[in-house]
Each structure stands twice: as C-alpha cells, then as structure tokens.
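So the structure is just underneath, and the comments pick up after that.
Going by the order they are written in, the chains are A, B, C and D; count residues from 1 in each one.
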Amino acid sequence: MTVQQEMKTLTHFIKGEEVAGTSNRFSEVYNPSTGEVIARVPLASRAEVKHAIQLAKEAFPAWKKTSIGKRVEVLHRFRQLLVERQEELINVICQESGKTKEDAKGEIVRGIESVDMAISAPQLLKGEYSVNVGGNINAFSAKSPLGVVATIAPFNFPVMVPLAITSMAVAVGNAVILKPSERVPISALYLCQLWKEAGLPDGIWTVVNGDKEAVDELLENKEIQAISFVGSTPVAEYIYQTGTKHNKRVAAFGGGKNFMIVMPDANLEQTANAFLGAAYGAASQRCMAISGALVVGKDTEQRFTEILKNKISELKVGPYTEQDVDFGPVITKQSKETIIRYIDGAVSEGANLVIDGRNPKVCESSNGFYLGPTLLNHVTPEMTIFKEEVFGPARIVVGVDSLQEAIDLINDHELGNGVTMFTSSGAAARKFQEEIEVGMVGVNVPIPIPVGYHNFGGWKRSKFGEGHMFGPDQARFFTKAKTISERWPDETEDTASSFAFPSNNDAKN
Amino acid sequence: MTVQQEMKTLTHFIKGEEVAGTSNRFSEVYNPSTGEVIARVPLASRAEVKHAIQLAKEAFPAWKKTSIGKRVEVLHRFRQLLVERQEELINVICQESGKTKEDAKGEIVRGIESVDMAISAPQLLKGEYSVNVGGNINAFSAKSPLGVVATIAPFNFPVMVPLAITSMAVAVGNAVILKPSERVPISALYLCQLWKEAGLPDGIWTVVNGDKEAVDELLENKEIQAISFVGSTPVAEYIYQTGTKHNKRVAAFGGGKNFMIVMPDANLEQTANAFLGAAYGAASQRCMAISGALVVGKDTEQRFTEILKNKISELKVGPYTEQDVDFGPVITKQSKETIIRYIDGAVSEGANLVIDGRNPKVCESSNGFYLGPTLLNHVTPEMTIFKEEVFGPARIVVGVDSLQEAIDLINDHELGNGVTMFTSSGAAARKFQEEIEVGMVGVNVPIPIPVGYHNFGGWKRSKFGEGHMFGPDQARFFTKAKTISERWPDETEDTASSFAFPSNNDAKN
Amino acid sequence: MTVQQEMKTLTHFIKGEEVAGTSNRFSEVYNPSTGEVIARVPLASRAEVKHAIQLAKEAFPAWKKTSIGKRVEVLHRFRQLLVERQEELINVICQESGKTKEDAKGEIVRGIESVDMAISAPQLLKGEYSVNVGGNINAFSAKSPLGVVATIAPFNFPVMVPLAITSMAVAVGNAVILKPSERVPISALYLCQLWKEAGLPDGIWTVVNGDKEAVDELLENKEIQAISFVGSTPVAEYIYQTGTKHNKRVAAFGGGKNFMIVMPDANLEQTANAFLGAAYGAASQRCMAISGALVVGKDTEQRFTEILKNKISELKVGPYTEQDVDFGPVITKQSKETIIRYIDGAVSEGANLVIDGRNPKVCESSNGFYLGPTLLNHVTPEMTIFKEEVFGPARIVVGVDSLQEAIDLINDHELGNGVTMFTSSGAAARKFQEEIEVGMVGVNVPIPIPVGYHNFGGWKRSKFGEGHMFGPDQARFFTKAKTISERWPDETEDTASSFAFPSNNDAKN
Amino acid sequence: MTVQQEMKTLTHFIKGEEVAGTSNRFSEVYNPSTGEVIARVPLASRAEVKHAIQLAKEAFPAWKKTSIGKRVEVLHRFRQLLVERQEELINVICQESGKTKEDAKGEIVRGIESVDMAISAPQLLKGEYSVNVGGNINAFSAKSPLGVVATIAPFNFPVMVPLAITSMAVAVGNAVILKPSERVPISALYLCQLWKEAGLPDGIWTVVNGDKEAVDELLENKEIQAISFVGSTPVAEYIYQTGTKHNKRVAAFGGGKNFMIVMPDANLEQTANAFLGAAYGAASQRCMAISGALVVGKDTEQRFTEILKNKISELKVGPYTEQDVDFGPVITKQSKETIIRYIDGAVSEGANLVIDGRNPKVCESSNGFYLGPTLLNHVTPEMTIFKEEVFGPARIVVGVDSLQEAIDLINDHELGNGVTMFTSSGAAARKFQEEIEVGMVGVNVPIPIPVGYHNFGGWKRSKFGEGHMFGPDQARFFTKAKTISERWPDETEDTASSFAFPSNNDAKN
C-alpha cells in the first residue's frame, strides 16, 4: 500500500456497533510480509474502556437469563459462519500476521475446536445433586456466569486465542471484553461481525483496541470479574499480580522454552521432520513452538544435527502470497532485531552457528520482516539463549549424557509450558512423563499441544493462576457455584433449637 | 488453674517431633470460661518457619511417590483415632475455645466429614483419558500434588478448620504446614499426635505456632505452593493479595453477614427455633452464624420479634463444664469489648435493644469472657451493625416490605457467605435461590452450611480465590495436572514436516 | 392420491445406496389426514437384513478408527443440514404421521437436541486415568464403540426417535441399523440423504424397512451388539427378553400412563392450559402424553373438570394443511377403532363422558383417521382405561382425597414413564419428587420430558434395560471400556513371584 | 476333624439372626487341605428364600431413608472390624478354601478396597443439576437404591467377592441377599457378624445358603431387582438369560482364558517370575489367573519354557498350615479329577508335558485335594485345553510368530476377561492395548486386575450384562435415577396451551 489515503482507520466494537476511537491515540498496523502500514488502530482511553465495560454490564443480565440451550444455539451459528467464511478469514489473518495460509487455516480449525468445547457447555455447566444428605435436606450446586470478563490477546494467533479464551465465556453466560493485540486488530474486528450475524446480543462480545492504558483499566475496573491473558511471561506475571490485587480471577499464560528430548533409540529421520515443523513453523512465534533439542548421547547429537542441517537448508521463507513457503516474516522490525541480538549473543557466549538465518535471501527483494531458520549447537544451560524464550526462528541443539540430565535441565528451567520426547522405549516415556515438571507433555508428538477438549496450560512461570484455555476446566474458570441446602418440613413437625455445630449426624436420618 | 508453675509451655511440631520455640516470643493461651491463662505458646521467628518448610520439602517427594491407596490407608487410621479419642479431644477444644461440649462434638464430627472426603481421593484424583484424538495420539491428564502447602487457621474451630483444610491436601500427596490460631494451639498439637500414631510420615503434617511474622514467611517463602486461610475478611484479603503477589495459589475465606429471610408464610415457631441455635450457638463465633433476620411484612416482623424475645430470655450462658448451657464465653476480653461497642453503637444509631446481653448474670461469679444473647430491632442498612460482621452474640432484626427488598439488601451487602430463607412457597424459594448473590444458600435450614461432600465457599468479599473447603473441588485446589499427548509410531512410517498449526483435522484419522 | 401409477415404491438404504426390496412383501403407507395410500414400503426378508448387517460390519472398523474429532465433524454438518432442510422435513413428517406442522417442528428441534448431545461425545467418551495406583502402575480406562447396533423405531416420532437413538451411537463410532416403523418410512429415508450429504461413510447408517421378520433377525443375529427399541410395553418386553437371550445389550422403551396431579393450591386456569396441550397434543400419540389428571379434593376436581370441559370444546381437530389446528388424526384406522373401544369400555364400566370425541365433525368431509378430544371422569383405578395406555385422545379425570392417595395410585400402576404435579407448595413438591416411583417427574411442567442433555427413561414396565435415550448416559450404552494397568519396569530391577492375590498394599509404594 | 460329633451344622443369616435351615437338605463343607468334612450347610428351599426376601423387603424402606452419611458411617465401622479381625478371618478362609494365608490376606485387603469404594458413595451417588434449561425450568437427577438385590458368589474368594459385590449395594441403600458358594459358607457367615457389630440394621445383609433351588428363586422372585453373579461362563450365561427374562438387572461374571503375551524384547527372568505367581497362585483358581503364555518367536519360546521349567520345579504345594507354601489344594476331589482330565486330554491331543503335577508329593501323606504345577507346551488353538478355562494348576505355553498372531488368537477366543503383555516397546504396548478384545489389560503386570477404584469386568463371554464389580460404575448398577423438571411459575403469569412437542426452543428464555 503506497497511497496514503487508502490507509484504513479501524474502530472499536461496542454494543454491537463499530465505534470510532476518541482518544486521538493510534498505533500502526503492518503487513509484515511487505513491511507496509495497512491500517491504524485507535488506542482506547480509560474513559472509553469504562464506557464499554458499562455497556457490557448492562447487556449481561439478559444473557445470563437466557437458557443455556439458546446460548449454545448462537454458538452453533457462529461455528457455521467460521466454516463458511474460512477463506476470507485466512486472508485477514495472513495479511496482518504474516503467517502462511496453511498455518492460518490450522489456527482457525483449532479455534473452532474451542467453539466445539463451548458447545458442550450444557454438559459442563451441570452442578451436583444429592438427595437427603441428612434431616431430609437435599443439597445441590447451581452454576452462574461471573458477569463481565476481559481477555487480552497476543499477536501470534489473531483468531485462535480470542476464540479459545472467549467462546466458553460467552457460552456459559458472561459478557466478554476483548482487547486484541494492536498488531492484529483486523482479525478481531472480523470476528465481531460473525458474532453479530450469528445472533449474539449486542454488548456480549466487545472489542476495545488499546495498549497499556486500556489493559490497566481492565485490570483495575471493579466490574471486571475475571481476566484472561496470553503473552510473554513478564507481562503475564504483571497481569496476574495486578488483577489479583483487585481481587479478580486471573489466568495469565506466559512464554515457553519447549524442549524436544531426542533419545538414542528414536528414529532420527522422523524426529528431525517433527522438529522442523514444530520449531520453525510460524517463524517460531508460538508459545508451544519447540525451542530446541536436548539430544541424549554424543553420537546421536552429531547425527541429529547433521540431519537437521541438511533439512533446514531446504526450507523456504517468504510471503504468504507465494506457494510452498514454509514460514513467513516475524511480526515487526523490532522483533527481528531482538532475535538477531539473541543469535549474536549466543555466538559471543560460545555457541556454534550451524545454520545462520540472519540475512535471508528473501530480504534482498522485500522489506518484509524476514529471518531465515537459524540453528545453533554447543549451547549450554548458562547461555541466555537457553534461559530465555526467543520468539523467532533461532533454535538450539543441546547435548546431554542421559535422560536424567535432560529431565533435570528442563525441571530447573523457570518455564514449563510444553515438552516432548522422541523414543521407542516405554520405560523412558514413563519416567519422562512422571518426572518432568512441565504442563503439556508429548511423546513422539512434534508439538505437545493437547487436543481442544483437554486442558491447555503450562507449569511454573509459563502460567499464573489456576485457569485453562481449551478443555473442560475453562467452564469452571468462567462460572461460580452456589451450594444450596433445601428442606421442606412438614408444617406440623416439632422442632427444637440446636446450638451445636450442625453435621450430618445430628439428623435422625 | 491458679498455680503459676502449672502453666505449660507449648511447642511447635516439626518433622514428627515436638520442638520448643527458639524465638523467645510467646503468647498466652486462655481458658475463656474462667479467664485464666492455661499455657503459653511460642511465636515462631522467620528462621523457625523457614526451617520447618525446609524439612517439609524434604519429606514431600517420598509422600508424593507413595501410592494414593497407601496414603488413604493413613487417613483411615487417622479417622479411626478421631472417633476413638473424641471425648479427650472435646475437652481440649472446650478448654481453650470456651465452646460447649455438644458444640465441640459437632465440630469434630464435621471435621471427620472432611477426612471422609479426603478418603475419596482415589476417585477425585482421576484424570481424563481419550483414545485416538487424531493421528493415533492418545491424550490424557495426570494429576500431581503441589509440594509444600500452608494453612492458617482461626480460633473458632480449633479442630474442624485444620482438618477441613489439610485432610485433602495430605491425601493427594502434599506436605502441610499448619499455623493454628495462637488462641487455640493445643487442639492443633493434639492432632499432631493422632497423625503420627496413624502412621503419617514425619514432615508431612507440621504445626508452626506464631503470629504475623510466621504468616508473612509463609506468604513469601517460595517453597510454599499454596495457602489456605480462614478468618476475617480484611485479613483474608491481605492473605490473598500477598500470596498471589508471590504467585501462589490462595484460597482465603473471610467473614459473613448471614441473613435469615423470614417469609410471612413461614411457620414462625419453627423459624424462631432455627434462628436461636443458628444465631447464638457458639456465642455466634462462626462465619456461618446467622447474623440477623430479614422479616418480610410489618406484622410478621412484630410477631417474630415477640417470639424470639420470649425464647431468648430462656437461653443459658455459662461454662462448658456445666449442664444444659446453650453457649459459652467469647474468645477473649478484647473480643467481648468489641462486641459491646457494636451494641452501643447500634443503639446510638437508633436501633432498639429488644434483649440486652451486655452484662450476663454468669459474670457475677466468673471472670470468663461472657456475653448474654442480645437482640436489636429497628435496624437499618445504614447502621454499622448491619454492614459489618459482629463475631459475638449480638443479632439483629430488620423489617422489609417484600422478598425483593430482602434479596436486594443482601445482594448489596459486601459479604456473601451464607443466607437462608424460611417459607412454604416453592415459588419464593426458587426466586430466592436464583437471584441471591451468596455462595451458600439454605431453604428452611437454620445454618446453610453444605454437607461435607459439597463445596463450601462464599461469594463477594467472603472468599478470595477459587478454592473451596470441604467438597470435591478441594482435590483440585491441592493438585496440578499435566496433559500428555502420546503416540507410538510404527518405525517404518513415512513422515513429513508440518509447518501449519496442528489440529485434530490434520491427521488422516 | 387417486391415480395408481403415482404410488411410490420405497427402498431400503444400505451401504449408502437406496436398495430395492427383494422379498416381494410390502406394506402400505398412508396419509392419515386423508386416509389415502401414498407409498408402499418393502418388508425385508431375513436374508436382506443379514446382508445389511454384513455391510455395516464391514464399514465399522474404519469408522471406529476415525478420530472422535473427525466423527463429530460429520455430526456438525448433519446438524446444519437439519436446520437448513427443516421446512422440507416438516412436510415429510406431517404427510405420513398426520401431526401438525408446529408439532413436527417441535419434534425436529428436539431431535437436534440429541444431535447436540452427540456432539459432546469427545467429553462423554473420556475414560479415567490414575497415576501410580501402587507398584508404579498407572491404571486407566479406554472406551470403544460396540460394533453394529440396531434401533427399532415407532411411528409417533418419525424423525426424533431415530435421531435420539442413533446420533450418539454414530458419534461414538458404531455402525447403526435403523428399522423405522412401516407407517413412517419416508422420514427415515429422508434422513439417510442428509447423513450421506454430511459425509458419513457408507454403511454406518443403514435403514432396513420391515416387520417382525426383520426385527427377529436383528434380535438374533450375533453381529448385532446392542438393540434400542421404542414402542409399546408388550413389544418392549419381548425385545428385551429376546435380545438379552442372545446376550445383547438392550434398552427397550415402552408405554406410559402419565398422570398430572392437581393440588388444591394450584392455579387451575394455568393447570388446565398445561393439561390440554400435554394431554391432547399429537392426538395423544406420545409416550410422554399426559393420560389423565389425579385431582386432589372433591371441590377442586369439580372446578377443574368444568374448566377443562370449556376449554376442550374449543379445540380444533383437522389436517396439518389447515391453519390453527390443535391436533390431527391418529395413525391408522385400526388405531382409531381401538381407542373408541377403550372409550366404550370405560363408559360401560361406569365412567362418565364429559366430552365425547368419537365422531368429530372433521370426519364428515374427510376420510382421515380423526378422533375428537374425549374426556371421561368418575374413573376408578379398577377400570381398564385407568390401567392401560390409550394411544389416542381419550383422557381421564380421577378424583382423590389426598396427595398420598395420588402417589399411591401412581406407584401401584405398572407403568412409570412420566408424571407431573401442579402446586404452589414446596413441601408437596418435595414429598412428590421423593416418593413417586416414576422415571421422569415434573413440577408445574406440562410434559415432564427432560431437556436433551439429561437422561430420558421411565421406571417399572415403561423401560426394560439400563440404557437411556438422550442424556449423557447414552454414550455409556453405546460403548464398552477396557481397564488397562500399565507398568514400565526398570530393566535391572529385581523381582520375585508373588502367589498372593494382588492388592494395592503389596507394593512398596 | 475326625470325631463325628464335632461337625458343625451351619445356618442362614436372616433379619440379623442365625436361622437354622428347615429344608432338611444339606451339603458337606470340606477342608480341602485335609480332605475332611468340617461342617454341613443347609440348602434353602424356595419357601425359605421367599421368607428371607420378604424380611429384606421390609427392612429396605428405612435403610433407603437413612441418609447416605449415616449409611457410610456403618461402612466405616465395618471396615475397621475387617482390619481388626483380619487374622481370624484369614483362618476361616484358609480352612474352607485351602488357600495360603498370604493369599487369604491378599483377598481380604482387596475386599477392603471394595469397601473403600463404597465409602466414596456420597460422591458417586450425586446426580446432575442444571439451572434454567428453558422456560425457567431447573432439571436435575436424583438417584435411588433399587430395593432388594441378590448376589450369588463363587468358592474361590469366600470374602472378597461377597464384599466386592455387596458393599456398594449396601452403601447406596439396598437390602442384599447373598447366596455364598456351598463350599465356603463359613466365611460369609463370619461377615454377617461383622455387619451386625458395625450397626447395619437387621434385614439389610442376609445370607441364604443353598444350591440351584435357592438360585432359581432369586432369579424368578419379582421382589429381587438386580442379580450379581460370579462363577463359570455357562452358569453366568444361565443367570443372565434367566434374570433378564424376569426383567431384572443382571451382571454375571464368567470365566477367563487369560493369556500373557511374551515379546522377544521382554526381560524373560522378570517375566517368568510374573508368570509363576499369576498362573499358579491359589492353585490357579482365579478368574484372573494367567492361563498360559503366548510367546512371540521360536527362540524366545524355547528360552522362556526352559526358565519356567526350572522355576516351577522349585514350587512348593501344601496345606496353609505349613510355612512357605506357594499354593494349596484345589477345592474338591471332583475338581481335581476334572483338571487331570484336561491334562490327559491335552497330551492325547499332542501337547507336550513339560512339568507333570498330576501326582504331587504332598499327596503321599495327605488326603487333601492337591495338584502340583503342570506345564504343557506345543499347545495349539485347536486343543480343548486352549479353548476352555481350566480351574486348576495346568498352564500352557503357545508359540506364535508375531504380535499380530498373538492378538488374533486372543481376539478369536470366546472369553475375554484378562490379558497381559511383557515388553519394553512402547509401540508394541500401544498396538496391544488398542487392538485386543479383552476387558482388563495389563502391560508388564502379572495379573491385569485393576485397582479397586477402577471398573472390573471382562468382555465377550467373560461377562454378561453392563454392570461391574469394584469401580465407580458399581454405584450405577445398584441405583436408578429420576430426572426431575421443576418450575415455579409466578401465580399471575399468562399461559397458553402448547400442542407442539416441547423443546428447549419453545421458551422465551
């Protein structure tokens, strides 16, 4: 886009309407594949966020009172629209995120999985019912939505994370405020149209674009009952501590340093193929991307590195508009520079550059934010590139002497999102599964992300709070329960006061 | 106890041993029924707490590795000891808390209910298992204990709360540090002996006596994975905010202002009997005590107050050593003074003193911290006595014009622990159950505390955090889950790298 | 239809194709609203059924191996087609069953509810996973489909029952053989097209048209793993006893005699409105139709009968093609005659005919199988019309002296499908819910049919076998589970033989 | 026992009392270790069984009304008595069953596991509760006990099976009639005393001793709601078909032919140790005993047989009164003869006798019913000893060429109780777990019996009916559920009749 006047000014989406920003603050939205600005997004003031929250609060009671069956009916229509508009949505995603079409499609399908989980809400929302717990009392639990809940989403999954974090919230009866990443607001605004078309009442799904100012209002506003966040670990920690300081429920998902343990008995060809896609897909900009290989045994390490080297040299980096591209650019120029700094630093700390992707060929003819696949070996746990999450295609190989050493290295790491192992040994897999201190674990699986109907969530500093994305536990995060003890005495029965603490055993039956 | 040298100096209980305090700071333990000091309890320094935590941490891995069956075996023996030693334990409780024997027994029975819930841990600890979620992957979740967890308990249930908060934690494989109230440490130390006798390994159940210094170490020490607290709302909020600031799981249970709605169609005689025990039992020192009646209709209010007045005047206050006592003293002299200040304040704000218990007869011959049952009417929502929890036998009657008004008053209150209603109308009960913003709800039940196998927990400022006491959800609070995706490929299968985000739909089946 | 050559000859649907019958036996399909024959349906021979089963058996393994996610994908598309083709399907239903369009729509919506339950299969299919149950063994359960399962459906819900009974069976991985009622085969064949269009593999949903010969082959064929049946109680019993004699799983749903208890404190106007729709809707041809009112108290009975009389006289009976018709014809001429015999018999046994619907006005101008709404009072428990299910619009009023008497009468009845009560008393509702020996219970609800995500099923002779239609338990009926105990020993560990019976306590941990 | 007059005449246990038999039919009870008669047990007439059922029926309503908490209280005391009287109970078991003390202890511990599961009944008995499923209706399910249920137990676990089959039945509120094996009635009568001492009300646990006459009364009596049976497959099938013919719930557990697959990569020493205990323990008289080894690969087969031969020759057979006995006699002389016939037959069909136990040394000095451990190889699937369950210490080795062949042989067998595999390969274990058509599966586990809190039950002709022993599903077998739809309308609301079929979507919300 070269002509200034074509640049679109985006809006918020409040009470079912596109609403222009009034703060006069904006952020530029880029097409990372070309390096061009494609739109500007308004950054909401505290007052704008407050207003959106207020309208969501007003919409909430009617939605809460709507039966779960009717709510799920909206989800079914929304799902159908996601299927029908898939191609259009892929283009929206690719343009502002730079990912490949195939990758964007994977993200949408995965997002639909979270809608499917939300469609199971009638089952997940059931409380428990006990007959005559003593004294002819029946006891049961009744679940309610929380009210207005907020979600702060990252740039790397413009559609999947918003869906994964809000579908269940909507299904169980809450009103949702989404603050998308200012890098990828167009996808979020597109979803608004689908919700509206699906029949979701105005005010139940709101998009407020913004930056830290908007986030802080969401964190502090007393009408917000729960906050979900997906992003980097330092921000996740800030969100958790600030949200809980305001007595909210918080589920804050941070970064990962996800290792693939390669055992000597693994099929190295298969394992290397698994590594490639899991490590470099989406230019490694996934919290579940494989960050590096922990290879057991010197010989295995050497052979594995060699196989990787050959395969990596054939990968193709480029824009989503081209065929057969393996991955695209990173999200911003700044991000590219950060990743290069990590590579430079690793080399200066003694790592060996097996493949150097700092100046990919595609950059000769494009201003896109491209980086080629980079592989370093001779990496040690003391190096920064081992300790920190690198959100770009610089991956590492670390040699270890034993499975135990691999497990210990991972358990000592402050992050604990995902981990996987390639092996043919049942005993090795069992030891690994049991001892590893990581939330999502794979065995002979490239990316250990669980299927949508199991809980997603890391351990240690990869997740703060008890909530989950995907999975049945999400219904729990977005609801609260009353426990009701009900008795219907005969009018004529004699009673006496009991001053002792009541228990089951007081009753005659 | 009149002879000075009889005063016992208590200890901590660390790694299976009574350990003398080394901080040289002590607190006096009273017999509230006589006003005499019966022991002094050491107040742990930060170093002592750190040491106890370290030993618990060392004991944890072996207990975690012990199968759930063997762990529950210990719980069974512990339960049996609680049954066998009940009489002895009742005396311990009564002496330091002042409650009646019948009430102490009720507390123990209720505590056993929480042990029973813990005995169901093999069922509650089960993860989920899915066959072939795509690509021949099996996905499942495996639950683990957290590590060292801490509990800070209040004075009013010297045995029940420690059991309610720790039994499940122990059963699912954690090491527990209990800091009991410095008012009632003897009961907690008694429980230590039972755990030891039941065969619990040393270090898994620790008692550290102390005050804010100990609490702050527990809140800040990075080895503590989770904190449970039961006490007043301001402290609960402090615990929640401080614990979460250190990224811990926290469940902090605060105070209640638990109303009984009395409908015109209720049997007033039955209702008044229910009110008496629920409101004045244990000298009203229960977070689930009924704080007052919201009576619907002028006439009903008048009649209900009259019936209460007559019944209250027959209540007997005195020491647990006497027969037929309805309730005993409050916990301390300071507590007594606070309660009197609430009554004085209410009168000065315009409330009417129906029954004045500020100078009970029993005080003529005893130095115990007694207060008689007090009833105020003409109380309005603006008065302090309506707004705040009063932890002693001063209860109120508030007249309202309609069920809707009663519900609104309760929903506007900042606390939301328990509530109950007496009525014969199914429609009134349904409206009440649905609209009331309170966590534990009763219908024609004096105290709306759920039976032990349902979740206990209030709403609003009565509970901070998502955890529960009692109930199946406690198992969840004290565990974390890994989600495992497992695949066992045929050695000969062809593979290719996939750079798209993985979803169920990628796989051939 | 008067021109002979227009009559359509229907087919079976086997392995994804319409297959002509080869037995040379046929049954006529009527339009009950006009009395005309609209098609003839082939009646399968044993050999034809065997063949269909064989093809289903061959299709099963691939469907079983298909991941649950991909299977549910088909269900989503099928659901969408049901929504899109609703109008067309309504016409198919009305033409062969005679029900009104509004009623047909209700049936479809309800059928979709059962598809929705099936869409929750990924959640419902989860087994349980326990870590280290002793000796480092992990124990878990893995669920599998059964294989080929058969469903025998009744005429009264041409679409809902087939969906309710087969959707979950399909979702969890079985191959289904449906034998629809020979009265309404066109609807079943229409569903075949939707399944095919949705992408269900050939052979997974089969329709075999037929009569007792086909049924007996399904009951006896050893490849059929489970049988579901919906119909009258005598046939349900036959199906249960014959199916279990061949060691199959059987869930056989029979008839109902579903009473509405009317309490003196009920709003009689509201109650009568509820009675009308619930009792006469669909010409009373529903196993959940209200069969009669048990009215408590002489005066109430009199007033209630009076109100009913006035309201019933305004009901409109006629063909679905007309506007504002309350209900249509019964299914066959024989059925009409049977119902008239019940009315005649009741009168001869002493019942009083409040409203006589034996010769409805509509019959003057139509050959349709119409009956008007009939109401009898002065009915006693000894009369045949009290004891037996009448599948047509002859309903009764029975006076009783107390709630207890009403409960006793119902509990003594051999059928126990549904029951409902109208009252404003919480105590009456509680007593009723607890004491009544009936599977589906309503309070102030016209028809006590549970919502689709709760289990449907009667007690006593209204259901044989443990299975359910609708509800989460259906997933259980259509699957079996393996329990797996898995251990991965260290190669070097010492072992010894244990000759004692193994238990959790043998292991060191 | 040599003195005639010492022989004890046993009784029934009806309504809490020992009741002498009146049929004048008796069966002799042996001590299989000595061959002597130790008691005679009365065989009940139909009239006696009817009487016992009637008294159980009368006891049922009060027990049903007893709260689950109080019922479980009895279970806790019963469990404690089982722990305290363990030594005494071991002697009772050993004397009449011939098993070793260590084995009897294992059986008791396992029985206690089933009591523990029953103690979890408050959790397992919970129904589901849904708020506002449409039209302001709340829908929920309430579970009830069935009434009088019967259990028919085998000789091989005189204590465990009765506990496993009745504890949950009692806990959830049923009245139980146990017909123990006439070979081992003394253990069952001993349990009666413990139940009584634990406080179980009279009539809730009844023992009727008898033979087929008693069984047939239980199967046909209409007051019996459910039947559990454990025994041989032909009888299990008879029980299932006869019980279901009388419309009862039936869970009938039959025999097993449980193979151990030995993979070439297994540690053969460890595997052989596992085989020995699992195959010969309790003289192989367990439905979960390993019947034989399917060894993959010629060489492995040879080596494994050699190792087994050496180890088996060191096994010690003898009476439970001696030290270090590996297993004892079989249950009767007839049983011994049957087993010998199986061995003779196998030899005549071409099997090779590796170890011949037909004339064990212990028989030289004892009249006990001893058989030594027998091993046959060169066994083929066509031989009777492969096809049928042999309830005694004659075990087989079958060589196969591949895992696939082993799986196919097992899947083609008509029995499908248990199976296990020894391997170090994750891929082999996965294939095995997925493809094997057997209900209880082990990997590197000697006997694949699941732990008590998972479901126990075989597939194919090893189990008839959907019920389970042990495990959470047992609670389901012994209860039925009502689904309740409750609505509390405002008195003033307008209503109209709806003649369409009701669905969630009719309601305004």
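Going forward, a contact is a pair of C-beta atoms (placed from the backbone, for glycine too) under 8 Å apart; a residue touches a chain by one contact, two chains touch by 3 or more.
Only a predicted model underlies this, so the values are computations on that prediction, with no experimental measurement involved.
Shared contact partners of chain A and chain D, listed by label, are B, C. Ranking all chains by how far their C-alpha centres lie from the centre of chain A, first place goes to D.
Centres computed as Cα averages put chain A at a distance of 43 Å from chain C. With centres taken as mean Cα positions, chain D sits 35 Å from chain C. Taking each chain's centre as the average of its CA atoms, chain B and chain C sit 48 Å apart. Residue positions of chain B touching 2 or more other chains: 69, 113, 122, 126, 128, 130-134, 138, 140-142, 424, 426-427, 429, 434, 443-444, 451, 453, 472, 486, 488-489, 491, 504-505.
By the touch rule above, chain D contacts chain B in their complex via residues 69, 72, 76, 79-80, 113, 116-117, 119-120, 122-124, 126, 131-132, 136, 138, 426-427, 429-431, 434, 451, 453, 472, 486, 488-491.
Those residues of chain D whose C-beta lies close enough to touch chain C in the complex are 100, 102-103, 105-107, 109-110, 113, 128, 130, 133-134, 137, 139-142, 157, 160, 237, 240-241, 244-245, 247, 249, 267, 269-270, 273-274, 276-277, 280-282, 286, 311, 326-327, 424, 429, 433-434, 436, 438-457, 459, 461, 464, 466, 471-472, 477, 480-489, 491, 493, 495-506. Within the complex, the chain A residues that touch chain D are 65-70, 73, 122, 125-135, 138, 140-144, 423-427, 429, 443-444, 504-505, 507, 509.
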